[in-house]
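Each of the next two complexes has subunit A plus one more chain, namely subunit B in the first and subunit C in the second.
After this line comes the complex of A and B, so read on.
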């Protein structure tokens, strides 16, 4: 090495420059376009990668130090949680079903985010964003690990979490979050950054990650609250990266504006559709509610994102049109989604229930324009039927939206009594959608979305049975075979909360912890 | 198979070609038919069924729909003579004695029926 050393310690700014920009170089054995083949294919024009501003100026050694401190604190609390039977401190065992949805639906996305940012970092020829992506990639794998470790303390005692990764790739409702992330990760590097960094982390995180963590806090789940806190400072960095991507792209070339606007429109809607699961969790699965979905939407989307888009107006970015639809739907989607899971509760890896009369009154007060008129009659009927021994389990498979893969449960934006049907024909085949926006996304990239792995169609094609079973055998039960393939244990993981093993065990164990038996 | 050479020289994105996953040839002789019951959102979404194209339309109504929609207290009160049918949202007159194919129903067609006078649990369209 012939590098001269000055003998003095580097200042933070110098260190940052050496540890990031100083690590990049122009390749000579191969042209740069061959080393970085993907960063031009989306039509994005970058003239000066040096204009990338990293607001955190974090170097890898500092990053390592911060993260290890957070890990030590987190694992001390996880150990205490395990030793003190922390799982018995939650409000009631219904709450644990929100964790089941989280570990099967959200944690695998953290892992995919790790893969996505690692891949994207490799594909960007600018050193600043490459280092930022690298750190986010490591954050994301840390998040999935801490989530698995925390929630494993519930898996020891409760059903439905034993095969979360296997289920994520197979179970019908998990195809919604899975296909969302697969869609992002199979896009080009800049679309991925806008999809996940901006739309997901920046615009929607307060409606996704935060409700689960505040739900945990309200319901006595110290373990989950702690991994939430441990992730929070990372999330702040991710949000800043997401916003920086948008500003960087828009300042580089005016031709980037329509491309970026299209991605923001698309990913806002993709995110809004996926948030249906969170809306349902907030309004129905938390025994102690934090706030209603509608209240969260009003604050975190209409107010905060409204301000954000005003700020972005100077770049020419406008509020996505789909937001008008989302605002009309905010009084409905949580109820429609819970009605769906309740009736398909035999095919879910968590328990479902009808709200109690008090909970229905809470819903009436939070949804004065919709709950009593459209949903209460349905839910009271189901409560009565369940009490009479005629609990509704829908055994016929639903029609799905080709784009978001959610059953066609959404109603017309202006008429909550009519299912919204949209369709188009592409290369001689029909495709169906839940909304104008899912249809537009399909029409813009039909070659991509014609490949959607729709769980219902896959079942009918015979692709969702355990290996070796004979679907032509006289006693073949296709739905039972599908559950086996999902690794959902009938009678333990699925069906009503009322009468479940989880309910009985929790009551018994908590009784032993709080009473003399 | 994608080769390393392809990865280094990706074709323009607009030239990308996919393969449709749900062509009728994948359904073992069946075609998909989606069926919804208007004003009855107790069933959260329309249903998807795989049927042979030669299946009689009337057999769908009398042999399949009871299993799918029969839980609803309105179902027993349906007068099929009065039911109004729609295909892709347009008025549609099925011939119960003809096959799905002869009724013009192809793969992934969507039909709905409305049952006048029946408007769900306590008139809530549930």
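After this line comes the complex of A and C, so read on.
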């Protein structure tokens, strides 16, 4: 029977529309353009905000119910983790350095994502995207909170995590993720949504989140795995929001296409560069490897993003040119980054080490075209030197790329023996870049990137020492002063893993937990 | 053993095999449910169970909360049936869906016509008193003797006509189509069931209609156009029919004649590989190119119905989208081969 009754139940879509769309109104005391000053400044043309398809339909009431149950489960596991000394179940103490990188480099980004979406939501005159952004803003603050609470259990026992927020704003390599998000949040609202909602949450998220969370699972870290699960159910909403933004912008007006293409090109490259830190984490910092960076890139970028760009081609969007470079670099970036961190291990808030002979064999098998030829000889030499008591720490400061802020450590896409240098002159000043793509991003928005806060420049300008020190004093040690200003404790947070307090404590505590002493 | 699954608000009922997930069963029957991770972690595929028993499978406790399990929610990507079940999913309601019930018939072959060198028109007569009500664009599942799984063929006749018509292309090496082309004769009896499918004209939209058809994909558009004209539809209707050569352009005379009779019906045959020295005076090129030229690259305001080989559909969708017509106004009937189903697709589009 196909009878329609008059008291028909509202569909979920209609219900949601009643609860959200009715919340907006045309302002009369002030013109709409003054109330929403930013949503036209980027040149994006929106003709009909009602065409926004809500990518998920969640009421606040249901939202609180979900999140509170998730919290109860997560915190029960965190409590159990703390009571059972869960930190001693990880594969070995080197793993904890991946968490240090996560809490100092990634968790503060979650907080910035919260701010970014709260701000963006306020700036969009359409009610649908406004509500979606504000919901995501609440998710993001929950993510940063749960991450801090989970990782705080490690902070009680291990070094390098005690002042992660302070470090995030100051430490040289953390300026890479920090400047990435600052770049996005200081853009207009639509660029922010393409940068974070689409390029980051959709295209690249599997290369950030999955490696860290699977890394945690493979290395016995129950707490981190659990916050991963707790966040993943939100991420699905974030990804669909990212996709909806792209569709909405491209369908509203043909003039939006070149703007959106430019943003996708820019933010894919910005993201790929930032993921260098993840590549290094996967290949070098996890005692029990999940997969190599190259394998992750093949699956999550070349296959999945390949399918996405094939579909986007229907709108006239093309695969960013930078992807060709990224494919050429996939055999190299993790090794080049770890080599750099190993050299600068005195200035990092985590420990560094050379891979063991077995780990080098694993790298050879995963990188048959590059590891033995370009990296193994160097790493074996450093290993021998360290064993002989000659652990090398580079005390000079590297040149940074003006755009991605990564030290100029990458090689030419077609010649892994030659460092890639690019430069351009703007208003009489010379600027340096790691790649063609970072140079193009700068040239397109020079006024923005000429203001970059580059850690090395700032150190040379004397802006990174504690207040009151005298850099002209004869016994002045600039590295010690910078570390003090970073709140990195020399000898505890930095230097080699071999002989570190973390290494000794973990061995001793695990011994106490597993043997009768 | 299999159970029956009814999906609200569509009101459609499908069979689900033992151990088959709800999501898998729905997608295979052409019913699109929202989904993403496909292994119980993201909760995109959350649905409401209104009646019956399900097993939650590997649904993560963070994706499907305890209170939701108590409320009868489940994740379609993991849930399997323990009884006949009614679910409610977040599916757009279709005001134009007639939801005719599926019926089983044994029909008699009344005529077999060679439409092109590779396509036969097979006409079927139902036993007296039996009727197969369908919406133009829907298909039937045909049992081919000696072939285990039923094969889907779109109905090419107008719903107003009693004699059923199937246009069947001979797929080289294909078991079912080879048998139909080589062994089927007038007077044979064939078992079939139907109607199936969600490909039908959105008449309530009251917008101009564009049909792009290729190969034996002409069946559905033919049925749809005959139906619209029979009902007295006065909206502009355009049919673009793509073929390689004139010998493969079937029902050319029928549509030429219809175009002459109805000023609001435009017929655009396009040949992509017709010999250059032939007498063909019509469009030379692919169907999507003919459509682009005819509409001057601007498809705004129409409803487009695409039916044909995957490559033609893909090219047509890109042409339509670059002409400012998007997913909400594009409808396709795709028959997937095993190879098509292997392709990695992004979740950017749901239906096209």
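Criterion: the second predicted complex is superposed on the first by the 502 of 517 C-alpha atoms of A that agree within 3 Å, B and C clash if a C-alpha of one lies under 4 Å from a C-alpha of the other, contacts with A are read in each partner's own complex, and residues count from 1 in each chain.
In this section, contacts are C-beta pairs under 8 Å (C-beta built on N, C-alpha and C of every residue); 3 or more make two chains touch, one makes a residue touch a chain.
Quick caveat: nothing in here was measured; it's all calculated off a predicted structure.
When the shared chain is aligned, no partner comes close enough to touch A:386: not subunit B, not subunit C.
In the superposition on chain A, contact is made by A:315 with subunit C only, not with subunit B.
Judged by the touch definition given at the top, the superposed model places A:254 against subunit C, while subunit B stays out of reach.
Contact comparison for subunit A: of subunit B and subunit C, B touches the greater number of residues. Once the two complexes are overlaid on the shared chain, A:462 sits against subunit B while remaining clear of subunit C.
When the two structures are aligned on the shared chain, A:501 is found in touch with neither subunit B nor subunit C. Once chain A of one complex is fitted onto chain A of the other, the partner contacts of A:304 are limited to subunit C, with no touch recorded for subunit B. Across the superposed pair, subunit B and subunit C touch subunit A at no common residue. If you check the complex, the residues on subunit A that touch subunit C are 2, 11-13, 57, 65-66, 69-70, 73-74, 229-230, 232-233, 235-236, 239-240, 243, 246-247, 251, 254, 303-304, 306-308, 310-316.
Interface residues of subunit B facing subunit A in the complex, by the touch rule stated above, are 7-10, 12-13, 16-23, 26-28, 30, 32, 34, 36, 38-39, 41-50, 67-68, 71, 88-89, 106-110, 112, 120-122, 124-126.
Those residues of subunit C whose C-beta lies close enough to touch subunit A in the complex are 9, 11, 36-37, 41-44, 60-63, 65-67, 90, 92-93, 99, 317-318, 321-322, 324, 326-327, 343-349. Every residue of subunit A that touches subunit B in the complex is listed here, in rising order: 34, 37-38, 41-43, 188, 336, 339-340, 343-344, 373-375, 377-378, 381, 392, 394-400, 407-409, 411, 417-419, 421, 423, 427, 429-432, 447-448, 450-454, 456-457, 460-462.
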